[in-house]
Each structure stands twice: as C-alpha cells, then as structure tokens.
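The same chain A turns up in both complexes below, where it pairs with chain B and then with chain C.
For the complex of A and B:
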C-alpha cells in the first residue's frame, strides 16, 4: 500500500524533502547488514510505499506540495531533482504568490476554500497513481499561516473526500521563544481542528530536536536544515518497511493502518510522541557499538521519565507500584514525573533484532488500566539496518509525552487571548472570538483527558 | 515574487526614493550575475521590451531587456523629479509613473491634501491602476514621505486614503520622516499632526524616521573612519550610508548618506520576500505579528551593522555584537531607547550567513534585559534570509512595537499646541477649501488618544503579573 504525502507551507515542504532524501539515501546506502534478498525486499517495499516508478529514470515521490508563496516549492523541486536519486512530479504542486501572513484565519478561511478544488485534484491524481492507497501523511508546522491554517482545512477535505483512509498529521511544534508571535493562537486553532479530522498527530518539537543537534550531533551553528535532517531520520526510522508480526514473511503493507491500530484505541487520545536512539554524528558511527539491552533500557527510561533524548535521563523516576489499595489519582505511590502511557510501539532495526527482549515494555505499571498490556504494547522489527546505524530503536508513544507542551501552548495562548491582542487580525478573515473559545474548550478537554490517565 | 509598490511623494520622499532604486539595482546586480530577469527582480522591476515603446509588453523570463521600476513618483514641484529623470536612473521611469506640478505646496498640509488631492485624484487613481495592472500579485504599497512639509505630508496622506479606497486588501506601509524640534519649517508641527491622523486611521504599519538619528549615524561613521579606530579598512560599499557601486557614486548629494540609510531599511524589510531563506518573512507577516491592536502600528527600526571591515573572518562574537547593537539607542532610526521602555512585539530579520541557533542564542541572551508586555512575554517574530546585503556577510533589521515612540509623539503634540494656542499661521490652512477648525481639533484629539494608549501600556510595565485563570471544563 502506498502513502501519499502532502507537504504544507514552508516547514512542511522543507521537511518533506529531507524525509524523501533520508528514505532514498537509506535505501541506496550500504546494503544494510542483511542478506541481498532481504535488502531487495526492503527496497521494493519502500518503493511501493513512497515512490512511483512511471517512465522516468528516477523514482518519483508520491507527494503533493502546497504553499501560498512560490520560493520554497521552487527550491524544493530543484534540490530534489539535483540529487539524481529521486524527484518530485513536476506537476504535483500548487502555490500562490502572497503567502498567508502567519494568519491561521487567512490560511483556513480564505486560501482553503479558494483553492480547495485545485489542491484536491492534485491529491486525487496522486491517490489514483497508487495501486492501493494506504492513507495520507501530511507535514506542517502549527506556528505559521499556511501549514497550520490551510493544513487544517486540507486535512478536513481529505477526511471528507476519503472517509475510510488513514490520515496521519506530522505536526511541528515551534520553538518556545518565538518564531512567530501569534504562534500560540495558530497552534491552538490548528490542534483543535486537526483533532476532528485526523486519525493521529505525530509531533516533533523544535526545541527538542535543536537540543539533539547541539548535544548529540555536536553541530555548532545549527541551521533549520540540520533540524529537519534529524526529524527526517526519526520519521524514516518509523516509516521504512518493517515486519509487524513475529515470524512475518513479508514486510507490512499497511503502515499507517497498523500504526493507528496499535496506538490509537480511543479518538480522545491522538497525540503521539517519537523518540529514536541512538543519535550521533555520522562520522562517529564507525567507532560506536551498542548493545540491545542497553538501548532498550535507555528507551524505556526515556518513556517513563519523559526524557526528550538519551542524555540527561532522570533515572530516579520509576513506575508506580501496582496493587496499591488507593485509587490511582490519590496514590502517593504515583511519582509526579512519571509518564503514563496508553499504548506504545517500539521499532527495532538492524543486527540481531530477533533476539531482543522487550519484556520491560510490557510491564503493566507503565500503562493505564483500560488496555491489556499485551495489547497496549507492540513491536515491529527488521534485520535491515537503517541509515548506517548498526542498531536503531524508535519509540512511538501515545502517552503523556505532549501534555506539558500542550498545556504550555494553551496557557500562553489563553493569556494573550485575555487581552484580546491580535484578535482583530483573525476576525478580519472570519475567525471570531467564539471560534477561539471553541478551540480552547476542545484542547482543555484533551489536556484534562491526558492528565487523569 | 509578491510586489511591493513604492510611492515617493514630495521632495524628501523622492530623494529617498531615488536612493532606494539605485541601491535596489545594486543589490540585485550583485546576486544576479547572468542578467536574467528573475522572481526576485520582479518584486520591484518590470522587464520591458522597449523596442515597442516604454509601454511595451512585459517580458516575464529570459534576459533582462530594459528594467522599469514599479513605482509612482509624485511631487508638486519639479526640481527633484526632474533631476531623477535627467540622472543615471532616468531609464527606470516613464512619464506614466509621474505626477508633478510646478508650484509646490508651500509647506502647507492643506494645500497638499485638500487642494492637490482633489485636483489630482483621478490622475492618481488612473496611474495607480495602470501600475497595479502590471503586477501579478500586489502585496504591499509603500509610501515614502516626510511629515513636516506640504506635499509629502498632505498629498502623501491623501494617496494613503486613495490606496485604501481602491485596493483595500493590499497592505499599506508608510516610511515617514518626522521633523525635529529645530526644523526650519515653522508649520511642520501642524503638518505632522494633521498627517498623523491619517496615518493612525489608514496605514497598516508606519516606520517613523527622525533626521537627527540619521544624522547621528552618519556622524558616527565618519568619526569611526577618521579616528582610525577601525584598524583595517572599511569596505566602502558596506557602509549603510554609502552609494558606492551604485549609479550615483559620482554625483553624491548632501543628504544622500542619510537617505541611503532609509533606502537600506526598505531593502532589508523586503529582502525575505524577494530572496530565499530557511525561514521566510513577508510583509504581511510583519503586519500580522507586530500590530496587536489596530492603532498601535508604529514600529521603531534599527539596522546593523553600519559597516563591515574588509577582513573576511568574522568570529561569532562579532555576530552577537550585531544583535546587541540592534537594541542600542544609537542604532535606532528615531530618537528612542527601546531597552528602557515596553515591548509589545519585536521582529528580527536576519540576512546572510546566520542560522537559527545564532538567532536563538542571542534572543536568550538579550531577553532578560528587555521588558515585554505581560501578554506577549515571548513575543518574537524571526526571519532568516540567505542573501546578505551588498558588502556584508550578514545583517540584521530589528522592528520594535515599543512604547519608546511615545516621546516622539508627545513632543510633536507640544510643538503643535504651542502654535495652535496662539492660532499662529492657521489662516494659511483654513482658507483652503475643505479645511475647517475641526480638522485641527480632530487631528490633535487623534494624537492625544494614541499617546494615551501608550500611557496605559506603560502603566502596566513592571507591575505584578497575574495570569488569567484557565477555562474550566466539565470532566
């Protein structure tokens, strides 16, 4: 099954390009420490998932590029083509001249309806090119105007036009201290709307990735390109082919469906966080060795303690002891910083994955009580190494990972809303105070739901 | 690229405009080596095949044939515009872009606004439409003018009204040169306050400029160069005051240095819309992020660095110095000190070899010493444009919506009241058709209200901060 990627706005398009780059470079890289047959299988699965062969010499990414100004798309198309390994379909893009002015209302209420037909036609074309459509992967930032506002509108259109397809929104959380002054408004409006049409939101926080670049990748002058490459690596580690069942003979063909099934048991809980280890500069890879027990131990503690990366993990945090007679909300056993999960997915790639013991992730104390721990935890594996990492482990988690960031964004937006600052910029384009209130209400509900886990 | 359409109105406006076109050509020539008419150029220039006359069809791609500036030059005296038409930039303009008269406005806002406004309205609308027709996508109008005289101030603000009527959805940015206390035009306070009312009501963003600040910057540069403190030589074309490398090097005129600063301001402001970068910042984004309430749209600007040294290796310490300078008093283009007043919002547009980590490091470093309004504690808007200005490896434009503009306005009000109380020179205005005493009282009232809004904000500075309680929802 194939995934159609929709790249929205500057951020969406810049990241999208790095994602296809990372996937291609992984496939064409070293043979992946596995048998030739395995490698070919992986290659084929990846191709089917993300690329279209057509009559062209290089694989064509299954993607639609959308932006309200032309510079980024123009650059994205040409840089991709220059790689020589892959490219975009030259016709599969739509842009305007004006931009959205960082105005969610402009993106959602003006550009959305105005360009709906053209954009959905492009999406339809891409969908038709797929033998079997596995769903949509949209990439956007919440801070600006196009990715966020137009992105929310397009997601709604996707839901209406493809009611039974899976939609996964990859959402970029902006830096805490501003890229955009109205970013908290735009974020609140985006998240509340996406929650209605999307199946799940997979989040990357700029602040977190920035730290990874600084502390783990040792990059001195960090550019957005550096940040985007780390994000692309992490996404690749999730979406490259894997076996979803123990002893599976074929690479899974329905990655989005599988993801939703394992991680989103209830529509109230759609916020997914992503962790990937190890992360290091490419030139250090050759000198490093890792053991699976070590990696699994770190990943588990990152989950429990809500650590954003593998350095600075708080090892003091432990899951609550089960069997306490006190109800969970009054339990003095429940440590304050413990991150409760609804469901988790661990993805292992590379050497000796078949022998890895993941029992520690099935510990019931990690999870809320509604799901059977056997159902709350899943593992996907492949012996094929990813992107030159001999061993690589990823965690996609539906847990309280994003509770604090969400609460922070809503708090700041509320604070600004109380003063009515900037509201006139939104009402100008048809988003009224009432709409803001609806969005705040929706998100307070999500916050509350995740808090009482 | 989205088009920004400048209107130079009046003597000052056209002198600045002239420097602007010159430096814009220089900037594009520096990046556009092959002489291809590209997206970036199309922001300010049309490409015309002049073989079929100046009104020839626009050529959208391929080699540059003949560049025509997208602009309207308006003056009620001929001197400055004629000079432009006889100078090295003459081929940039054709007669359809000019609106001139001979006698000037006599430093009288009413003559500019009511008399000439009425007289030339149709002409202005017609030429405006023609110019706009040539634009694929019109994003923004720029008015460049001074506040103290008659044409720039009166007719300039009249044009502002026309723009709002005819193209309500296109953003209106105004670069206004405010008169100093020692201005030799006695009635400059009247003209400025009458114009302020128009700016309050019809502009989306105003960038006030004060000649004293420009003058101080020019002096500072002269001093640095002549004192020999700089060690190695300064790159001439990097000076924010310089015309080096542009068409006008030979004929530098007295105010050119000061006007170059304003021209550079406009170039930097539009750089991210014209050139690529990892975090683009368009003019509509500036308006969106920096104007929290409709009338509070006055932005204090600063440009750094003022020059570059010829030695190429710039350690990051110098980069950080650039950020520090942007907040220092002597880099602001009005006499103001944003550091000691209250920020409502701040934008940083960086050009050249600067990355997001440099931005973040400096914001973190400078934040603690700045006062932000309680509902916008992290109120930063940032942009990264890859193409630096000529002669620099990097540069920074800071735009602040800050209560430090207030003194400029209160002083203006005081000077106005000094004249108005004595009814000095009022008759020159009142005998113009359409002018009444109420024009004056409404104008000063508008200014007073604006000052009061800033006062209220200032009163919140340093006060206790109680965040509003969050929405409670039923569990």
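For the complex of A and C:
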C-alpha cells in the first residue's frame, strides 16, 4: 500500500527530503535489533510504502515536488540523488520562475487554477504507479504563500480527483514571532480550507521543535536543517511499518487508513499533535539506556500536561477523578491545565515491545465523556528499532494539544482583520472579506468543539 | 424388485454428491425412514452443516447441539417450511429422524440444495467478480421514517458525537475496502495481460489466478489435484443421482403415506399454539421479521403513494388552469419560448429517469462471473475491452455493465440532490420558526 507524498513550497520540499532521508537511512541501518526475517519484511513494507522500484538501480521516492521558485526544488533533487541510497523521479516536479510573495490569495486563486492541470497530471502519474494507492501525504507550511495558498488549492483538487482516498496534511505551524506579517491571515485561510478537503491535519509547531533542538539535542546554532531533521525523525517514527493488530502476522498495508480510522472519524475533530520520546543527540545514544515503564510514564504525562518534550513536564497536573454522579457533559470540573483527549495512538518500536503495559493510557479519565478507551486508544508495535534508538515511543493524539495555538492565531488574525490591515493584498487576487469571515466562522466552530470536550 | 435395487443406488449417489465434510452414511437415511431415534442426532448435524454452507457461514462440529437445532429450525422457518411437527422436536436431538428426512428432502427439492452446494464448493479460479445491476430496494417512505420517532428512555441516550464517530469509522473502513478492491483489479489485470497467449484454451487465452499461482509454486499441485478429483467425483455422483432421482421421490411418497396413516392429530388447536411458539424460533432469524415488516410497509406505502399522486395531479391541473387563465395574455413571445424550452428539457430528463426505472433492462445481472480479458486489437499489447463471460453461454461486456452502472449512478445523484434540497428547505423553515437561531446549512 503506497503513499504518494506531495511536497509543497520551500518548507514542504525541504522537510520532504529529510523525511525520505530518515526513512532510507533507518532501513539501511544495521541497528534493527531484530531477526533477519523481521528486518526483511520491514524493509519490504517500507519499500512498498514510499519507494518505487522501476528500472533504476536506486529506489525512487513516490513524490511530487511543487514550488513556485526553481531554487529549492533543484537543490532537493540534487541532494537526494547524491546520497546514493535513493532519489526522486526527475520528471516528478513542477516549478515556475516567480514566487508567491507570501500571499495566500496569490497561491490559491492565481497559481493554483493556472497550473492545476500540470500538477494533477504529475500526481495522477505517481498514483498510477502504485498497485494500491494508500493515500496522499502533503507537506506544507501555513505561513508562507506557496505552501499555504497553493497547498490548500492542491488539497482541494486531490479531494475532487480522488474522492475515496485518504488525505493527510502535514502542516508546519509558524514561529509565534515569525517574520511574515500576514502569517496569521495565511494560517487562518489555510486551516479553514484544509478542514473541508482533508481527512486529518498533523501539526508540527516550529517553536516546539526549536526548543527540542536547543534543549534536548544540544545544538548551538540551530539551522532549518536541524529543525527539519527532528521533524523528519518524528514523522518517520509514525509512518514506518508497524503491526497494527495484536498478534498480527504481517506489517500493516494500510497505514493512512488505520491512522484515520483510529483518530479522526469525527469530521469536526481533525487536528492531530505528535510527541516522540526519547530525543537526544546521536552521540549520546550509546551511553543511554531506556526502560519502557519510564518512557510510557513520561509520554502519558506529556499528554496530560500538554508538555512539548520530555523535559520540563509539569507533574502536578493529574486527570480528574471520574464520579458517576456528574453529568457527562459537564466539563468545568476538569482542572484547567488538563489536556482532554478524544483519541490517542501510541506507536512503540524496539526491544521487548510485546511486554509493555499500556494500561495507564486506557484510563477513562483521560478521554472525553462520549468515547470509551476501548474505542479511543490504540497501540501499534514493532520489534524493529527505529533510527538507532533502542526503544522509542511516539504518540499521535487527537486532543486539546493545539487548542491554545489555534486560539492564539485566530485571535491575532481577527485583531488584524478588525482594522482591515493588509486586506487589499488579498482582495487584489480575489479573496474577499466574506471568505475571511467564512474562515473565521469555521475555525471558531473547531475551537468551540475542542473546548467543550 | 427394480426399485429395490435402484433405491440404494439413488441414495448412495445422493450421499456422494454432497460435500465431503457433510456427507451422511446411506444407512442414516434408511434408519430415518423408520424413525429410528439413533439417526436423529446425526441428521440434525447434517442439516446444520448443509444449511451453514448454504448461508456461507463457518461452522464446527463442536457447536452445541441445541444451538445447532435452533439454527436449523430458524433457517427452515425462513425458507417457508411450515410442518409444525418439526418445530416441536426436542432440542436435545433425541427423536424425530423421520421428520428430519422429510425436511431434508424438502430442502433438496425446494432450494435445489445439491446444485447450490456444488456451485459453492467449486475449485476457485480466483478470477471471480460479482456483478449486480439490480435496483436497490430501499424503503421508500421518507415521511413515515421521520415522524415515527422511536420511544426512548433516559438510559438509552447516546451522545450524538459518538454516533458521528462510528459513522466516520465506517466510512473509512469502506474506503480501505475500496482501495483493496482496486488493488485486486489492478493485479488481476496484470496477470491477465502478462499471461495472454499462453493458455491451452484458445478462447480464454490467458491464465487465471489459480493457474498462475501453480506456475509460481508447483509443489502445490498435489492439493489442487485432490480438490479437482473430489469435485469430479461429486459431479459424477450428481449425474448418477439425476438419473435415479424419480426412485427417491417415489420412496419419499411412501414415507409420507406412512405418516398420514399413523394419523397425527395435530389439528388447528395445536396449530394455533404453534403459531405462538414459533416467534421463539424466529428470534434467531431477525431477517424474517424485518421481511414481513417490509412487505407490510411496502403495501401501505403503495396505497398512500397512489392517493397522494392522485391528489397531486388534480391539484397541479387546477393550478395550471388558473395560471393559464390569468397569465396567458401577459406572456411575451420571447420569454415564453425560453421558459418552454427549459420546461421541455427538465421534463425530458425526468422522463428519462422514469423510463429507465420502468423499462425492461437487457442485462439484468446478479451473481458472480469470471473475468476474461479481451484486447480490442489482437496485435496491440494493451487492450481495453474486457468481457465477462459465464460459461460461454451469456457473455456480457464489462463496458456495457459499466455504462449501466454509470447511468444508475447519475440518476441516484440527481435523486440525492433533490432530497438534499428538500431537507435544506425543511431545515430553513424550522430555523425561521426558532428565535435567536441562525442556521448555517452545509
């Protein structure tokens, strides 16, 4: 079951390249810590998912690269080919000579329709190469012009052309103090449009990853490459092959479908957050040992207290005690900082995964009242270690993780909108004030749904 | 004494024509004829195994005997077997082998039991696909559905978000299934394409999945051979059975005569009690209830529909007459022809739908078919005229079936749009009545 990746804009292309790099180096590493047979099935499953083995010697990534400027794409293509382990298809990219100027409307209303046919042709070609199309994975940033505007348009086209496929959008949340003035407008418009066509939005916040690089990875001069590599590691830990059922004999051949089914069946709740532990610089790995109980305990507290990484967790936050006398819809009895979940997915990779006790994640007090842990919690496992970490655990969570950031972005955008700042840049390309209002309404609805959990 | 010799042959052929795991000993039937109690248990088990196969279910020998018996009773009831003595038989399987023999023979005749079992247990080619161009029988009364809100208590309340969650899961599972199905088709195409021209049978021209699998794993030939041999023996036994069948039915007549002589006094008195007891059996087969319910609803709906149609037609006629009378002089020439054209188009579209619904279709297909690949130009590498053939007797082209289904999809789409409009209007009406509520429809 193959996933077609659509890399949109500068951010999308750079991250996409790092993701394929991480996956490839994981597969070719000798640190699998499992039997040869296991390693081979892992290798085959991963190959089928991300790469195509046509007439070339090196596996070709199943990806379409889209950008309005030629520089990033040519860089991406050449760096990939130089690795010697994998490459992109030389014909699977589209770029123009001009950029989008960080203007969402430019990307959505101008570039999108103009180049729709060419881009969709490339996507169609990649889709046809797959024996079984497992869905689309798009990577974009919310703040810029190409990734956000063109990305929203392309997602809509994907939905129209492939109505029964799974579409997962990976969205990069901009720095709170980002350099693009209109980034909040772009974010609001992107999110509201994506909510209509996409099945799930997997979010990475730049601020969070930056902190991880600084505090956990001990990087002094943090470059975009470092940030992208951390993101790639986290994404790889979710999308590499796993067994999705207890006692499964084969690696799952439906990763996107399984993910969607466990986390986002409800159309109102599509925002997913990602946490991964442990994270540390590569050279410290040899000197560290991990225990599953410790990792699980930390991961659970990260979920409950809405911590972004395994340092600085607030251990005071505890789940509320459930009493049967409380009416189910009463949510104000929950402590203020407690993060209520709708559904959680824990992915375990490495040694002794079969003996891990995940009972603490099945506590009903973690979850909203209308869903019981049997429906809300799932675990995927594989004995094959990932990317040199002897044991690693990831959490994909549909919870109130992104409530505060979303509220903050919408609030800032609304304040700007109230004074009509910079609106002319959008109306120039056909995005009217009503479109803004529709987007605000849609996101307010999402915020309110998540708040009353 | 010709019958004396032919009967064991008939019974033997019958037993050999049944599938290997549910084959009775000929002696069982003979014991049953004389109502020997020791044959009862075996006979219940036999019926259980056969009926489970007919319904495509899995079963094991170790299922509890009373479950087996209640299953057999409910399935017989579903298929319309209404001999009350059978349903009165004890559920420990200790008696009644003659009744069971009667039921078995009834199934043979009524359900074409043998033919169904033979069809089900065929050796797979792997190229099967199911085709269905039947009309979907959905319940038609929208009004009836919405106004008949069920009674519910406080404990029954379920958060609507949970229902939405479940609905979403179902949708995603459907999508995964769809993707799997598309993969199957793609791979089947590849197999057919790559093995074109290699098959001994010139008409087929390419390998089936089973044959291709055999080429890749030749050591499996023994298993396949065994299956084919077993199927051949069953088919030969079936042909034998067909020759000797009349003897069997004569024999069954004698059984019936014997039973009539023994004169059960199972008259209307007991029959009334039976009717009340039978619902217990039907609780194991819920589809029977819903079927009768559906039939009742259907007849009610037909009557109301007829009445409504009549009312609507008279109303429309009256309104139209009014309109013509008042607006006739004011209509300008140009405006009239434009509206007339529009009306004509929409009427044609509606008529098309109606004629499609009422017309006798050329292909009314339902069932599974074998896919055979046909290339449009024998010289070209890729072809696109797949045909679907059923035993070379009635071959249907896949393009025709596709066209039929596309037309049906278009008409269902139109119907959906219309229903959505109606719902939207109703919602707007309701929302207008409520104060301080803004309704934003999707």
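The definition used in the following text is that the second predicted complex is superposed on the first by the 442 of 453 C-alpha atoms of A that agree within 3 Å, B and C clash if a C-alpha of one lies under 4 Å from a C-alpha of the other, contacts with A are read in each partner's own complex, and residues count from 1 in each chain.
Keep in mind that, in the parts below, contacts are C-beta pairs under 8 Å (C-beta built on N, C-alpha and C of every residue); 3 or more make two chains touch, one makes a residue touch a chain.
Predicted, not measured: the structure shown is a model, and the values here were computed from it.
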item: Clash or fit, chain B versus chain C on superposed chain A; value: fit
item: Partner chain(s) touched by A:291 [first = chain B, second = chain C, both, neither]; value: neither
item: Partner chain(s) touched by A:264 [first = chain B, second = chain C, both, neither]; value: second
item: Contacts of A:78 with chain B and chain C, given as first, second, both or neither; value: neither
item: Partner chain in contact with A:30 - chain B first, chain C second, else both or neither; value: neither
item: Which of chain B and chain C A:165 touches, first, second, both or neither; value: second
item: Per-residue touch tally on chain A - higher for chain B or for chain C; value: B
item: Which superposed partner A:131 touches (first chain B, second chain C, both, neither); value: second
item: Partner chain(s) touched by A:69 [first = chain B, second = chain C, both, neither]; value: first
item: Chain B versus chain C as contact partner of A:121, first or second or both or neither; value: neither
item: Touching partner for A:369 - first (chain B), second (chain C), both, neither; value: second
item: Gap in Å between nearest CA atoms once chain C and chain B share a frame through chain A; value: 8
item: Residues of chain A at both interfaces, chain B in one complex, chain C in the other; value: 441
item: For the chain B and chain A complex, residues of the former touching the latter; value: 1-2, 39, 136-137, 139, 276, 278-280, 282, 284-285, 287-294, 316, 344-345, 355-358, 360, 363-364, 367, 374-382, 384, 467-468, 470-473, 475
item: Chain C-touching residues of chain A, taken from the complex the two chains share; value: 1, 131-134, 164-166, 254, 257, 260-261, 264-268, 328-329, 369-371, 375, 441
item: Interfacial residue positions of chain A with respect to chain B in the complex; value: 10, 14, 69-72, 74-75, 96-103, 145, 175-182, 210, 213-214, 219-225, 227, 410-412, 414-416, 418-422, 424-425, 437, 440-441, 444-445, 448, 452
item: Chain A-touching residues of chain C, taken from the complex the two chains share; value: 159, 161-162, 164-169, 171-176, 178-180, 182-183, 186-187, 440
